[in-house]
Amino acid sequence: MDDIVIVFKERPSLREPILIEGLPGVGNVGKLAAEHLVDQLKAVKFAEVFSKFFPPQVLVNDAGTIRLVSNELFYVKREDYPNDLIILVGDYQGLTPDGQYELADRTLRMAKEMGVRRIYTLGGYGLGRMIEKPRVLGAATDLELVEEMKTHGVTFSKGEPGSGIVGASGLLLGLGNLYDMRSACLMGETSGYFVDPKGAQAVLEVLARILNVKIDFKELESKAEQIDMITSKLRETEPPPEPKREDLGYIG
Amino acid sequence: MDDIVIVFKERPSLREPILIEGLPGVGNVGKLAAEHLVDQLKAVKFAEVFSKFFPPQVLVNDAGTIRLVSNELFYVKREDYPNDLIILVGDYQGLTPDGQYELADRTLRMAKEMGVRRIYTLGGYGLGRMIEKPRVLGAATDLELVEEMKTHGVTFSKGEPGSGIVGASGLLLGLGNLYDMRSACLMGETSGYFVDPKGAQAVLEVLARILNVKIDFKELESKAEQIDMITSKLRETEPPPEPKREDLGYIG
Amino acid sequence: MDDIVIVFKERPSLREPILIEGLPGVGNVGKLAAEHLVDQLKAVKFAEVFSKFFPPQVLVNDAGTIRLVSNELFYVKREDYPNDLIILVGDYQGLTPDGQYELADRTLRMAKEMGVRRIYTLGGYGLGRMIEKPRVLGAATDLELVEEMKTHGVTFSKGEPGSGIVGASGLLLGLGNLYDMRSACLMGETSGYFVDPKGAQAVLEVLARILNVKIDFKELESKAEQIDMITSKLRETEPPPEPKREDLGYIG
Amino acid sequence: MDDIVIVFKERPSLREPILIEGLPGVGNVGKLAAEHLVDQLKAVKFAEVFSKFFPPQVLVNDAGTIRLVSNELFYVKREDYPNDLIILVGDYQGLTPDGQYELADRTLRMAKEMGVRRIYTLGGYGLGRMIEKPRVLGAATDLELVEEMKTHGVTFSKGEPGSGIVGASGLLLGLGNLYDMRSACLMGETSGYFVDPKGAQAVLEVLARILNVKIDFKELESKAEQIDMITSKLRETEPPPEPKREDLGYIG
């Protein structure tokens, strides 16, 4: 079989679409954000991506029917804007480094054919500690785009993320360079301990300003409250940790 | 060499055959069931599948001769039924995710060429605890088939299996969709601690109803008794675990 | 680059050669035996096998020059015998299952082109305990060859080796079947704890009878004495283990 | 995508260039040395190597822009010398054995096309203990080159390195043989515990004599002092280890 199989349900004709990616990762921030965007903008599924770089697994839904693990592509037509949208979500990223490269490259090739020239990738930035008000950190393919992102409230902080960006959110930018695409990665701060709707909301608030769309956050907020309840219960059962000096720096 | 080599001993002409798969897995339920079916229906071997996705290993039989690890394909001609049968058994599943995909896809391609339109995959559903009367859980490619399976005594239970179906039993359904095949997976409950002939019998009892065949279970029952003797001896040497509340729910 | 690169120094014309394989494995029995055979029969190197299935490594000899890790092929012309010999030795087996398959298949293809119809693979059979007089266990592609091996003193013992034969020594037999080659594997018993010249000698004594050649074992015997000295010193520093009942069975 | 993508910024015409490789490894000795050489000789970048054998990762620089992890090729034109230089540096070596082979082979093919006939690979030789005055150990493709290296102060020591040379520094020599390239590996002794500018300087001092170039070591020396300060602080917090007999042998 082909390494990657894209099954198109529809071949939409889109006006210079912007590609938005949100796949599983740290705190599932990118996936939560992109799926919420699909819901809010009533995006239409037009393609499914299957690949032997994903696990050999089917998922079973409540009715007892199965579906092969996949990535999915949705589109949004926007009459009053110069750019339509393509949104990439999915169950998994590629399992191996070469799988990651192949999947990102195949996505970029398809994006190029559909006229994409700009990509926003969404992800989490794991802090390893609880965070009250997550910032959105950024990285971009060029300095002009860095400046543009700053005007939308994205933080660019020297040495963050120190180890670079691993996985689809990074590769689509890095390989995208070879396809002449200008792109930015938006990373919501997250503890990384839980699925994090708060980090996802922070990312989406920035993206909403960039795309000039309105997004209702009620559902994400209610998910965040549930997570907060669980984590506060967990904290009650343990004594609070002594504040460390470096933590105090964030209280000011 | 080719990634997968199928050596045909015979090219049987079959009437819209149903493919039944039972390869090693949890409790070896699927493998035991499919092998018992081969014995009972006096199925005829027509092909061997060798692959570099299997371990680099030969098995040595009691006489001192070797055979390369493989999967094997058998057929059953059924004069009084509209469908003949193909049964897939074997020593191993593919060792890697991409090997799993390649093997499932190659099997499906061959099945398509031989006229297969329906697949039943057999497996175990590991509970992590001893089980007296194993149920048979199901998953299928479409709702109509889910309903049909229910009439044969298959249980469809929301959230089971929670993590989906991994390996050949899942992939043949998931990839089979791309080949327009309607298929179901039958999973016999099993502790997963031992090779489990009881789970295999439960699965075969359902499959016998679906295929409308008679199966003698003496041999499986005698294997199950041997396993029971071993496990009860093991239990005698250890003090019984305290019953937990959630366990009591099953006593009713 | 090609997955496997065979560099021929010479293209010898051989009369229906017998292929003998001895690569690293349990107790390095096969490698020791095959290398000793190369020395004793003054075999001539005619090809080197390089492969990306081997480690990315060069070895440095005492003079400071390097060589890339490889397998090597030697030939022996035997005027008074119907069969010449090809001997395969080397630094490594393939690192991955598919590498093992590719290397065995490439070896078999080359062997077929050179007229090989019979293969003897040499290996160790790990017992996990010290052994005074190693037997040579066997496995073969057909019953006739099993009987022939018995006349040369090879032991065929039901259930040994229980897990089959893993690696090149097994694959050359198993895949060799697809090339119509009749072959046997000779496995010298070994503790598996040390490089084991005694096991190698046991294997070579059998092979010498099969091939009808004379082999001087002085060098292997002297290596075995060195190993014995080391292991007896190790045993002195530890109290002797209590004899177990199953061990006593071998004293008789 | 292709397994390896080389993006040329320029196609320089060079006179029988010498290839110098320094990629990450033990103590990062090779990488530090090659990068310092690039700085000192004001080498010009002419190509970037991207590959799915590298991690799926982008690095983020201080300004917030990203670059895909890569290897980089620089050239140095030397009017008064018969040989120009090509210097290979980078973020990573190949992640897998076959990736290592493919990358080394691709590098050699490109080098051949550009007229390279001599390679020097730079690396570290890990001792597992602190070292005051690192020697530079060598290995080469032929005895003549071994002798030549000795005149430049390279140590060739029987049994060092005992396990051969693993990775790009070894493969470029080993595979280079198949491209008729005469090459040497220079290994600076290093503890292997830290990034080691001292080992890098030792290697570069030898290479400077070989290439007949002048190199200012101030920057490496200052980096070495920083490392020394850190390690001496670490040692103060621990009691000094008892000298062992084998260590004393080095004091004499």
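By letter and in written order, the chains are A, B, C and D; residue numbering begins at 1 in each of them.
Keep this in mind: a residue touches a chain if its C-beta (ideal position, glycine included) is under 8 Å from a C-beta of that chain, and two chains touch if they have at least 3 such contacts.
Everything numeric here is computed off the predicted structure, so don't read it as measured data.
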| item | value |
| --- | --- |
| Third chains touching both chain D and chain C | none |
| Residue-number overlap at the chain A/chain D interface, same or different (half cut) | different |
| Copy-to-copy rotation for chain B and chain C - C-alpha atoms, rounded to a multiple of 5° | 90 |
| Distance between chain centroids, defined by C-alpha means - chain A, chain D (Å) | 38 |
| Centroid distance [mean C-alpha coordinates] between chain C and chain A, Å | 54 |
| Topology of the chain contact graph, where touching chains are joined (line, ring, star, complete, other) | ring |
| Interface residues, chain D side, partner chain A - complex | 1, 3, 5, 7, 50, 52-60, 62-69, 95 |
| In the complex, chain B residues that touch chain A | 94, 97-98, 100-102, 104-105, 138-143, 146, 149, 156, 158-161, 163-168, 170-171, 173-175, 177-178, 185 |
